[in-house]
Every structure is written in C-alpha cells, then in structure tokens.
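What follows is a pair of complexes built around chain A, which joins chain B in one and chain C in the other.
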Partner chain A sequence: MSALGGAAAGGEGLNMTGTIVGIVIILVSLGATYMLGASLIVPLIGIIVGGALIGFGVHFVPVGGAPAAMGQAPGIATGVAMLAAGAGLAGLFGGAWAFEATGDFLISILGGAIGGGLMMAITCLMVNATYVFAMGIPAASGKVARDPITGDSFPEYKSQGTEGHGLPFISFVGGVIGGTIAGLGGTLIYIELLEAYQTGLATLMQAEPEVIAPLAVSLAGIFAIGFFLVNAVLAAYNITGTIEGPHDPKFKRVPRAVIGCAVASAFCGLISLLLVMNIGM
Partner chain B sequence: MTVKMEASAGKLSHNTLMTYGVIIAVVGTYLTYLNVITGMAVFSFFGGIAAVAALWWGSDTIKHLCSYGLGTGVPSAGMIAFGSGAIAMIVGTKFGIASPIATLIIAAILGAVIGYTANNIINMNIPVMVMSLMELAVVGAMTMLGFATMCTGSFNFSEMVIGSMSLSVESAGVAAGGAQQFLVTAVPEYGNSLIGGAALAVIFFLGALALQHPFNACLGPNESQDRTLMLALSCGFLSMIVVAIISLVFVGFFAGTISIIISLIAWFYCYKSYIELSKRDAYAWLDSKPIIEVGGDQ
Partner chain C sequence: MEEIVLGIGITALAGALATVAGAAEDTESDIGSQGDPNSQVQLAPQMGYIHRIFNKAVSGEPPAYGLWCAIGAGVAWAFLQLNYNPALAIILGSIVAVFIQGIYCTSGYLGRTASLAKFKQPVYIDIIKSLTSVTMAHAFVAIFCTTAMCYLMATALHHPFALPLLGLIWGIALGAAGSATGNPFYGKERQYQTQKFGAGVPISASGNIVRYAEAGQRSSLDNGWFTTKFAGPASGICFGLIVFLELWRTVLFEKMVAGWGAVIAGVILILIFTFIDRWIEKWGRRTYGPYTEAEEASS
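Up next, the complex of A and B:
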C-alpha cells in the first residue's frame, strides 16, 4: 500500500525491452571496466553476483509492514528496506570481521552468510515471541492453506478480515534463508571492493598496502552499504509492500529483481571502481 | 499505475524548487573554496548550507515520487538516494576543482540508470520514476559532498582521505666527517581522516534521516508544502549541528565553532517556524500545562 493510498504498481512478468537494455548495460559496464583496467573485471563480476544475490535473498524475508504491526498480515512488522539493511549489515560486519581475522575468501563470505542468517533468525524468533505472548495472536498464513514444511493447517486460526497474522514456520525458514543469501551477497561485494582498493589505492597513492589498509576498509565498507541499500530498495520496489516468504505468489516476481539488481550493481560497480582506474586524474 | 494523487498543491512549483536547490548546492559547495583562497577554514559552513539546500529540494522530490503508489513506504526513497549518492560523491571528489560539478553529473547518470532499472526492468511504470531517482541521487550526492566539505573544509579527495602527516625518520648512513645523517619523510596518515575514519558513514545516515523524515512526518490529507519544506530545513540544520561538531576535529576549534553557531541559530529559527506552521494547520492546539495543585479543603 502506498502511504497516500494509491494502488500498488508492478504486475507480473518480465518487460522484455527493459531486460534487453539492462543486459546491454551490464555488458557495457563490463567492457568499460575491461578497457580501463583489465584486472578489475573480476571484482566487477563479484559485485554483480553479490548484487543479484541480495535481490534474490530479500524476496525470502517475510515482510509485514504496518499491517503486521496491527496483527492483520503475517510477517515481521517493518519495511523491506529496513529488514534487508539490518540483515545485510549484520552479515557485512560478520564477513568483514572474518576477513580481518583469517584473510580467507571462503570463510569470510560464509561468515557473512551466517551473520545475516543469525540476525534474521533472532529477529524472527523475537517477533514470534512478541506476537504470541504479547499480542496474543497465533501464526497463520493467508496465502496458503497448509504450511509447506510442517503441514500445519492455517484457516482455522486465521481471524476474519485479516490476511493472516503472526510468523508461520515457513516464513521463519524463509527469513533465515533470505538473511543468509543477502548477507553472503553483501560480504561478497565488500571483499571484492576491499581487494580492488587495497591494491589499487596503494599504487595510486604510492603508499604501502598496510598504510592504506584503514582507508581501503572504510571506502569498501561505505561503498558496500551504498550497494546494499540500492539493491535492497530495488528488491523492495519489486515486492511492492508485503511478502510472506518463499510460498507467497509474489515470489514469482524474483527474476525481475535479480536482473534489475545485477544491472544496477554493474553500473554502480563501474562507477565505484573508477576510483582506482587509470583515467588520468 | 497512471493515476496521480497530488499530495498538496504547493505554492512553489517543483521545477523552481529544483533550480534553487541545484544552484544553492553547487554555489555553496564552491564558496568553501574561499578557504583555499584566504587560507582560513571559517568558510566551511557554506558546505552545510549547500547540503541543507539539497535536502530541501530532495524532500519535495520525495513528495512527488511517493504520491504514486510505491508500495514500500517513504524512507526507502531516502535510502536509495543516499546509497547511490554515496557512490557518486566519493568518485566525484577525485576531479579536483571540478568536483561539485562532476559529482552532480555522475550522480545524475547513476540515478538515471537506477531509475530506468526500477521503472522498466522491475516494471514499476511510474511516469516520474526516472526523473525522481535521478534527482534523488543528485540530492544524496550533493548533501554528502556538502557535509563532507563542511567537515574537512575542502572538496578534494586527498583532503578527505589524509588525516595528518607523520614524520618518518630513517638513518641514511654516516656522512663525511662522522656526522649521522637522517632521511626525514612525511608519511600521510589515513586512519584519522574523514573517509579513513569512516566519519563519512555518520554523514551518510545523518543525511538520509534528514531526507526521509520530512515528508514521512507531514504526509496526509492536509499536508502543506511550506510546512513540509520548513521541516526539511529544520531536519537539515539539525544534521548540520552534528556535522559541525564532527568538523571540530578536522577544521579546528574556531571554524568548527562558527559552523556550530550558524547551524544552531538556523535550526532554532526553522524549528520555531515549523511549530508555528503546525499550529496554523492544526484544527486545534492545546498547550499542555502542569497539573494544577489543589490545596486546602477543595
């Protein structure tokens, strides 16, 4: 729902013209990066994959918005952008810390994934505790009759006039999966940017890599937050309001968000890598 | 979605607002160059004025965008504005004296691509989407550039990443006559700078909060443009106070204090005006009073 009561935009299905233009933008960004600095092509691919993962992951997170706060829709009672930012930043901190401690790529992105998933697991648990013990409402989905995992039946528990309420088990699982994927994507972007900046800034400013490290970490961190917010909001625009999790019919829209986030990440990545490219500044 | 709901018929047209916003933001950022010309840092506060002008224009853009059914609430627009603006701003500062203009152009291109993505790939089909996200990216970038300039007194990348210089002394062997020679080089410290110390992340969220709040707080059936814009100014100056306090570290006590005083006075004036406008628009206003003590035999 819009804040002012306008109808929600966005139908189902892909817009072919837009998608083709989007793929051209990705190819142009890759080409421009290759022309300006061939070694930066790997970080850019990492950024594109990370962005697409964020767009994909956000769709798993059960977002209820304001109706959920009033017990009239299932999900966590806040907006998509806030939840995604929360899960993504928690993942980013986890991944960044793991990279600082080990320097191992795989452990770091897994650390980020666990950080994001853990944050969502805690959020979902506490949200359900609040729903059940403070608001006194049972968990019931309005979109499906039975929980796809546990097989629990919902219609008997659903109050009249609502779209369901609480946080069913499938939404909980969706939230954890979403947080894991989004955290993984965010950390992937951070580490790719960090490696590009650590080597790039050291040559650009003629400094030792260990002297430049705090700068590279801050820059990569701020850029990663920027990327994360852009991708999360694009995914939020795709969802238009609330989603219950992977069993929601809106989940079918996910290809659009994956392509959209990949396009936006490709172009943002090109701009952010301009900082260390040899363009005569 | 083609039906448009106008939130309020404003006195100022959006294009007028945008023109003022862009001009004040760019000119204000350039006025901080007086720091370099005069060799002082007292003109840093112009950066804050530039940022507030951009926020003022941005809240009207948010109003235009969010009067269509976005489906995800007003704050997301502020988040995407600063997400794309941060990327454009950091890269834009590399262009030396042309930085403010370069930031504006990079942000506009970035915003147009994100707007196209949202409108045509994600299928939002909102007529003002591309233009609005373009404007919002410029607003985010110019706000961050303005506040960052206010903090460091300069819009150059090198000033924002180098905090201080430390001297490194190395033995350079023994010269003729037995005197010990030392090689002294100035090594830049990056960890205590605006970007290296990640103070830019604080600016990021201070700006985002100031951008997303005004329309979110004022929207509704009797939203009026002057009240929303006054709240935008008030939020902008409130963020400017915090940025002024951060700037004490980078531009020194005197220049920082001037920034704090200017932002405090401006915030106080705007907040007072906002309360008056709220009273004007409200149906009734009850000033709360302390509970009257009833004594004696009553």
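Up next, the complex of A and C:
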C-alpha cells in the first residue's frame, strides 16, 4: 500500500502487454532498417545489445541519492542515471581512444569496460574513505543481514533510525561490475555507430573515409552519449530512487529495464542511422 | 620513447588539473548547495526552520558540470579555430561558461526560495549578492581546469573526440566524482553538525539543519570553509585519480601485450582498489565497533 492508500505501484514481474508492444517496436525498427539499408542491420543490433547492457549495468551501481548524503541509507550519494553516466562515459572515453589506436573491436570494448569499472572502483573507494575516515561511520547494508560475498554481519553496525550507511563490500563489487557493463555497452554503441557513419557519410558526401573521419567520430560520440543518457534514465525510472546493488530486492526488476532499454535503443538507433540510410549501401 | 615521456608528462599535468578541478567543483557545490544535501536545505523551511543557506540546486552536479564544461570547451574550441592563443581561448571559454553558471545560480536561488514563500522563507538579496560571485569563482577554477585538461587530451594525447565532446564527458564525470565523494561530508557532517558523530542522521531529524554559527546565522560561506577541510580535497583526489590512471594506463601500456596492455593494467588497478576498499571497510568496523550487540540487533 502506498501512503495515499492505493495499491503499491510497480511490481517486479513483466507486463506482458508492454513487453509484446516493445518487441513489436524492436521488430518494426529492425524491419525499417533492413528496408532502407540492409547493411545497417548489424550496427542496429549492436546498438540494441549495447543499450540493454547499459540498462542492465545501471542496476548494479549502488546509489543512495539524498538519504545517503545524510548517512541515512547505504550507497553513493548522487543520482542513479548521472553516476552511471559518469562511469560509462569515462569508459567510452577509453574505448574510443583504444579503437583509434588499435582498431581492434574486442580490445576497444573491453578497454571501455575497464575504463568504466576503474572510474567506479576509485569513486566507491573514496566514498568509503569519506564515511570511515571523515565521518566515523562503518559500512552497513539495510537490505540484507549478511554480506553475500564476505559474510559480514550488518544489523549491529547500523546506527539508530537509519537504513544503513556507507558501501558494504557487495555494493563496491556491484559498482565496479555496473561501471564495467555500462562502459562496455556505451563503447559497443559508439563503435557500431562509428563504422556505420564512416562508410555511410563517405558515400553520402562522396569523400574519402579519412577526410570524413573527424565528422564521423564526433557524430558517433554525441549519439553514443545520447544513447547512454536515454538508457541510464530509463533504468533509473525502473529503480525508482535508490538501490544498494545486486543484493537489493529491486534488482529483480532488471528484466523490465533490459527490455525497455532494448526497445528505446532500437527506436533511437533507427533515428540515428537514418542519417546514412537509403543511400545505396 | 620521447612520445611516451611526453605522454607521461601530459598525464601528470592532466591529473594535477583534474585534482584542482575536483576540489573546486565540490567546494562550489557545497557553498552553492547544489548536490543531494540540498534536499535538506529545501526541506528545512517546510519543517519550520528558516535559514540563510544558499539554495541553488539547478540540477544534479553531473549534468550541470557537463553543460558548463561543454560550453567552456565549445567556446574555447571556437576561439582556437580563430587562431587565438590556447591559454586565452580556454580562459575566454571558461568566462562565458561561468557567466551562464551565474545566471543559473541566480534563477535557481530565486525560484527555489520563492517556492518556499508559503513557509515564510524570505528571499535574501544580500545572499545573492555575496555568494553568487563566490560560487562563480570556484566554478571558474573547476571549468578552466577541466577545459585545459580536455585541451591537453585532444591536442597532446590525440584523443579522437573533439574538444567540446571531451568537455561534456569529463564535465559529467567531474560532477559524478565530486558529488559522490563530497556530498556525505557536507550533508551529514556540516548540515547535521549537532547530531552524534559516527552515526547516520536519524530519519526523524530530517530538515533540522544547523542554522546558527558562532556569531549570528550560518552562511553558506561557512559551509565552504568547513568542507574544504576534507570533502573538497577528497573529491579532488577522486577525480584526479580517475583522470590520471585512465590516461596513465593507456599512454604507458596500450602498445604492450599485442594491444591488451591497457586492459590488463586496468584490471590490476581495479583489484588494487578493491583490496584497499576492503581494508578500509574492515578498519572502520574494527576501530569504531558495533552500535548494538549482535544478539540484540538480530532479535
């Protein structure tokens, strides 16, 4: 029951009608892409997978929002979408750089993933350093009695009138995994867009791919950031406020976010690829 | 070899710029009350606690700094295209960005505070006059350092992204690092200074922020003075480490192990930070001890 007496909104299961509508949108987007430029179907699938990965990864990131800033709830004291975007974009920076230097697909997406994971590892470490060294508050989860990884007991370390505080080890690990998956998804989207734009824009403008490269890189970068924000915000809506990490009961909502992000990415992917569609590719 | 040495030098300089940017960003957000703790500044008058704290949460810190750094880097890029000296171009870009930040601050304070009129919270004109320029000064340092760092990445390290795009990415990362590290210190340690040290703020105390200083009412300048003792430098270290290590692992190791060097170095760094974090977590529990007995808590 909500405070207003109505039924609590937002369950953990999948809404079948919504899921079917979503799958139809994905199929229509794929079909439209195939009709307008058959070679762009692979980049669009990459974008859909990347978007779903971002939505999945965001759920791992322990975000406490405003209550965490007062030591009232565990997690990092900032917004879900923005923290995930910060980590994922740091990953995108590394992935794009690696792709420029090596041109290897696997190294680049893993480079992006590690970039996101490293950003989250440093951030989570500094959050714990602040709680422990500056505020004298030990880490305690409010959602589980014991840490699923280390077996540490939490209830006795939870101060009175709070839901826990700081970042228990499971939340730290969740943050690193979340940053890694989000960085991987963002870099995957960037590389797929870049390859589509490099060949597409060269055909469209009748120029050499080398001449078109700066424009393709910038466009792919801007669109990749846009995709990142779309998917991170969608995942944040699914989380509704705060989440402690993979051990939080809210984590069970993740299939909904994966489908939602895949649908949004499919449609946004179609829009972003329209630029180079129907030009005889 | 020369290229690597130059790369390491640029990496160190970018890391130093990022450290200053992180510290300035957090101090700006604490003086201006931009981050999540501002929820309490907004809540206080609704609970009957009238205060003189600046209240300008324009948006979350990451999108706000993403915007300001992208504007700074974008304007600097435009001046660079006109063959301006890079230092002058970055300064001019930062000045334009900081004026936009000032406009957001002013409208943010007026709008947010005016919305509290029914709770008798006055709009203090002297707060706008005295504090907006202080937040602008700190924001200038943060934007200038971030834009300069992005310029180094784009020109000396040859990152493929254009300067404005780098400004957007690192602005968002700057806000994320600064708000994650700095917010708890400002929110718990400063706003709720009267609550017990070493414990979270009980939810029942929400809104009852500290409103008085040694003499007279507390000003947001006092909050900046306090948070520069820990939150500012910690945020600086956080963002500095992120930038430095991200560049360092790429510049030094990218060409090793058939291109896998940077990935392997990143994994090793993550493992090192994981061990340090675990040590800090255990040290905290061991040093401060439990609040209640384990049996009592589990009953």
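Assume the second predicted complex is superposed on the first by the 269 of 281 C-alpha atoms of A that agree within 3 Å, B and C clash if a C-alpha of one lies under 4 Å from a C-alpha of the other, contacts with A are read in each partner's own complex, and residues count from 1 in each chain.
Just so it is clear, a contact is a pair of C-beta atoms (placed from the backbone, for glycine too) under 8 Å apart; a residue touches a chain by one contact, two chains touch by 3 or more.
Given the structure is predicted, the values throughout are model-derived calculations rather than measurements.
Undergrad: After lining up the shared chain so the two structures overlap, which partner does A:A52 touch, if you call chain B first and chain C second: first, second, both or neither?
TA: Neither partner.
Undergrad: Looking at A:A85, would you say it contacts chain B, chain C, both, or neither? Reply first, second, both or neither.
TA: The answer is both, since A:A85 touches chain B and chain C.
Undergrad: With the two structures laid over each other on chain A, which partner does A:V276 touch: chain B (first), chain C (second), both, or neither?
TA: neither
Undergrad: Which partner does A:G241 reach: the first (chain B), the second (chain C), both, or neither?
TA: The answer is first: A:G241 touches chain B but not chain C.
Undergrad: Looking at A:I225 after the superposition, I want to know if it touches chain B, chain C, both of them or none. Which is it: first, second, both, neither?
TA: After superposition on chain A, A:I225 lies in contact with both partners, chain B and chain C.
Undergrad: Which partner, chain B or chain C, touches the larger number of chain A residues?
TA: C
Undergrad: Is A:A69 contacted by the first partner chain B, the second partner chain C, both or neither?
TA: A:A69 contacts chain C only, not chain B.
Undergrad: Could you look at A:V254 and tell me whether it touches chain B, chain C, both or neither (first, second, both, neither)?
TA: A:V254 sits against neither chain B nor chain C.
Undergrad: A:P214 contacts which: chain B (first), chain C (second), both, neither?
TA: In the superposition, A:P214 touches chain B and chain C alike.
Undergrad: Once chain A of both complexes is superposed, is A:E156 in touch with chain B (first), chain C (second), both, or neither?
TA: A:E156 sits against chain C, while chain B stays out of touch.
Undergrad: Check chain A for residues that touch chain B in one structure and chain C in the other, and list them.
TA: 65, 79, 82, 85, 214, 218, 221-222, 225.
Undergrad: Can you list the chain A residues touching chain B in their complex?
TA: 1-11, 13-15, 17-19, 21-22, 25, 65, 79-82, 85, 205, 207, 211-212, 214-215, 218-219, 221-223, 225-230, 232-234, 236-241, 256-257, 259-260, 263-264, 267-268, 271-272, 274-275, 281
Undergrad: If you look only at chain A, which of its residues touch chain C in the complex?
TA: For this pair, the touching residues of chain A are 65-72, 76-79, 82-83, 85-87, 89-90, 92-94, 96-102, 104, 107, 110-111, 114-115, 117-119, 121-139, 145, 150, 152-153, 155-169, 172-173, 176, 214, 217-218, 221-222, 225.
Undergrad: Can you tell me which positions in chain B touch chain A when the two form their complex?
TA: 1, 3, 5, 7, 66-77, 79-80, 82-88, 90-91, 94-96, 106, 110, 113-114, 116-126, 161, 187-188, 190-191, 193, 195-198, 200-201, 204, 216, 219
Undergrad: Given the complex with chain A, which residues does chain C contribute to the contact?
TA: 35-37, 39-40, 60-63, 158-162, 165-166, 168-170, 172-173, 175-177, 179-189, 191-192, 197-206, 230-231, 234-235, 237-238, 241-242, 245-246, 249-250, 254-255, 259-260, 262-263, 266-267, 269-270, 273-274, 276-278, 280-281, 283-285, 288, 290-294, 296-298
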